[in-house]
Amino acid sequence: MKKFIYSEDLIDYDINVSNLIKYKNNVNISNKYQNKVLGLIFFNPSLRTRLSTQKAALNLGIKTISINVNKDSWQLEFEDNIVMNGDKPEHIKEAAQVISQYCDIIGVRSFASLENKKTDLEDIIINSFVKYSKVPVINLESAISHPLQSLADALTIKENSKFKNPKIILSWAPHIKPLPHAVANSFIKMCRLCNFDLTITNPKECNLSKEITNGFDVIHDQNTAFKNADFIYAKNWSSFENYGKLIKPKNSWTIDTEKMELTNNAYFMHCLPVRRNLIVTDHVLDSKNNLTINQANNRTFATQYILDKILKNEK
Amino acid sequence: MKKFIYSEDLIDYDINVSNLIKYKNNVNISNKYQNKVLGLIFFNPSLRTRLSTQKAALNLGIKTISINVNKDSWQLEFEDNIVMNGDKPEHIKEAAQVISQYCDIIGVRSFASLENKKTDLEDIIINSFVKYSKVPVINLESAISHPLQSLADALTIKENSKFKNPKIILSWAPHIKPLPHAVANSFIKMCRLCNFDLTITNPKECNLSKEITNGFDVIHDQNTAFKNADFIYAKNWSSFENYGKLIKPKNSWTIDTEKMELTNNAYFMHCLPVRRNLIVTDHVLDSKNNLTINQANNRTFATQYILDKILKNEK
Amino acid sequence: MKKFIYSEDLIDYDINVSNLIKYKNNVNISNKYQNKVLGLIFFNPSLRTRLSTQKAALNLGIKTISINVNKDSWQLEFEDNIVMNGDKPEHIKEAAQVISQYCDIIGVRSFASLENKKTDLEDIIINSFVKYSKVPVINLESAISHPLQSLADALTIKENSKFKNPKIILSWAPHIKPLPHAVANSFIKMCRLCNFDLTITNPKECNLSKEITNGFDVIHDQNTAFKNADFIYAKNWSSFENYGKLIKPKNSWTIDTEKMELTNNAYFMHCLPVRRNLIVTDHVLDSKNNLTINQANNRTFATQYILDKILKNEK
């Protein structure tokens, strides 16, 4: 395995999720890779990803070096063939080559701009690192993909499901800012790769990319979608068609106890951070059906599993 | 020992200070806790605390992961039952539970707001971490408490005192900004727990909380207070009664050679950072009676002692 | 060896460069200095230096603790005998003494102000650390010196030169901001210490300090200078005489293929970050004669060599 940028980079995804359950239960803290260095490049803030990735590395004996681009260093240029006389003093060509000389693996976090649909869809930042880096690259959330989150989510679903093929709902929920599509995209891809029974529900004006949702039902009535669900995965995202535009907070889409009662005593999931009483009510989050803390914990094991696979150079 | 938030969390405080002297003299660098992770959460800047805590952890083989809240990640919400539609995208309930899954101990630094007396006195940030974290929490300076500083101060006094019961003066000194009460509060608590002979001196308009100073003399004439003192501990703090208000720099309270000559050849102490020629003159700081550098060094050993005690799960 | 602030601190410089080639080829990752702590103090942003220094430390088993002054902590005062009632709450006297208690070596990065020629020439920040620190200090780029960059450059030249005494050109190149003299200064000093055949070329209005260039030819016609060169080292710097003033971008000085064809198939060097198509064209950078990535890689080995020498306490 040479990179983990999109969920499909993990061949035999569903078998790997099963293996990951066993892996988690047999995790030993070791100095297995004590001479390896993981470089973490953050273009955006991070709490869970920053900590869980370092924790995963520690568990394997890997040393981490972190850089906050723009804060610790400076802005990078990603366009080719331009005269660099603006506010970006270094080109990704140099930066990626140089950084990859100091590291054995590189992790990159760079959110969508939500301004330039073309470069966001090309996932230009993470893919430039892949292109110019001499070592494997893992995705700590890019413009359109958050595969380590989804792998942790798959693990959480498999660990908690009472049924072989649970009914999963990905539900849009309100937010005050326009948010990227990365988490929703990767969750849907993961469900496809795991053959999960997924239904998506969102207001009409905020369908995700058809390329992504292709093959899954998209229902615009949240109550109908929730019926008999076993897992409710909540997430906000901005408009895809009217790219990056905020869909005004529709508080009727906030997930509350009443809606959860339509389900089959479903678990509640969210990638965090979650805005309480906007995305979901306190009552749902403080119930025993809340899996968000487990999801966050599983980030460590998902990341550790992938790091291990890459360093063992396994397919 | 499950936490170190207030000085009184360390049972048999004075015996522990004596043990700490021996501990310091027998410090071995080891990999004793090489599988343990210490998470450091900074809501405010830090130099000594940041470095000495990492040094203490290194001496014990503990790995540290640091987060600068607001810079590396984002602001946290501490109020309950509110609709999170403002500038704080994550609630402490989630953050503390999540972080504590990645760590074996959490250290938190969060200064007083000096704006809301009630939440400052409740020490809401650090206590929320204690409430929601699944692992022990140590205080790297909270709104009203800085117990690791005071433990280092106790060690410094015991190491340097020529007498069994030295006369200690906690003296207010001028500053250009309103400062929190944490250092002064914890110093006073420590003196009580060690049965030290403490007198406090400050201008009339800036008495500390009576609950804290209860039982100690508070003298408003600095020169009188300094007579025959063995240790002068200088610190600025803002008004407690007129909460958080700046007491205008009174340069007559700056500690200088003339005042030090009233003492019994006293040592000078301060927690640092110290503003030269405002809090204290160059001459005093550059004299051999200056213990501030020793205090800073002792931060390492005080923290190491507490980390060791918590990980050994000692009372 | 007690410090590495200026190139001349490395005695028998040219012998050491030869030793460094062997050192690099025999680098073993070890835990040789596993109880040692390297403190990295950044007053300015850093990418290569931050990563390569940590990588060098990792290779030797040294633990690193980093501080971003102004971001993680606060501003430091460097002036003596002043009343500290401004925006700098801590004096270097305290900070350096304190930090050096937690570390075995300190690395400091602090660029030139380009505002105060006198304090820049005195290199006041790094030299204050040397003065007050109790442990060795290494220079991660100061106001007027960047010796670890030049040591990596010397290594790169020796590794790649086809001749015993190659012709080296240090060429000014255009930039949009006034830049410090540190890299150019140290490159020239290194060439002197290595007995390299160096010629400097820059526009008339931006000669470097005569004290630095003394003994080397300075040619104001770039094309003439490039003839028969084996190495072109490009760098921008601001005016020395008209201190810190920007020399307006002269695009005629941009290094392009046409100019490189005047040389003896010369290698292209630059310390990075490099502004493409301003300092040098894409075509030159993307050619096989580009050594900038090698230079960056050699930063690790140069730093590791110096850290090792200091910790072994070798001359």
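Just a few scattered comments:
Order of writing sets the chain letters: A, B and C. Residues in each chain are counted from 1.
Just so we're on the same page, a residue touches a chain if its C-beta (ideal position, glycine included) is under 8 Å from a C-beta of that chain, and two chains touch if they have at least 3 such contacts.
Computed from a predicted model, the values in this text were never measured in an experiment.
Subunit A and subunit B carry the same sequence, and matching their CA atoms takes a turn of 120 degrees, rounded to a multiple of 5.
Interface residue usage between subunit B and subunit C, two copies of one sequence, is largely distinct: under half of the residue numbers at the contact are used by both copies.
Centroids of subunit B and subunit C (each the mean of its C-alpha atoms) stand 39 Å apart. Multi-chain contact residues of subunit C, defined as those touching 2 or more other chains: 71. Residues 29, 42, 45-48, 50-52, 54-55, 58, 68, 71, 176, 249, 272-278, 282, 285-286, 292-293, 296-297, 300 of subunit C touch subunit A in their complex. The residues of subunit C lying in touch with subunit B in their complex are 35, 37, 39, 63, 65, 67, 71-74, 77, 80-85, 89-91, 93-95, 97-99, 101-103.
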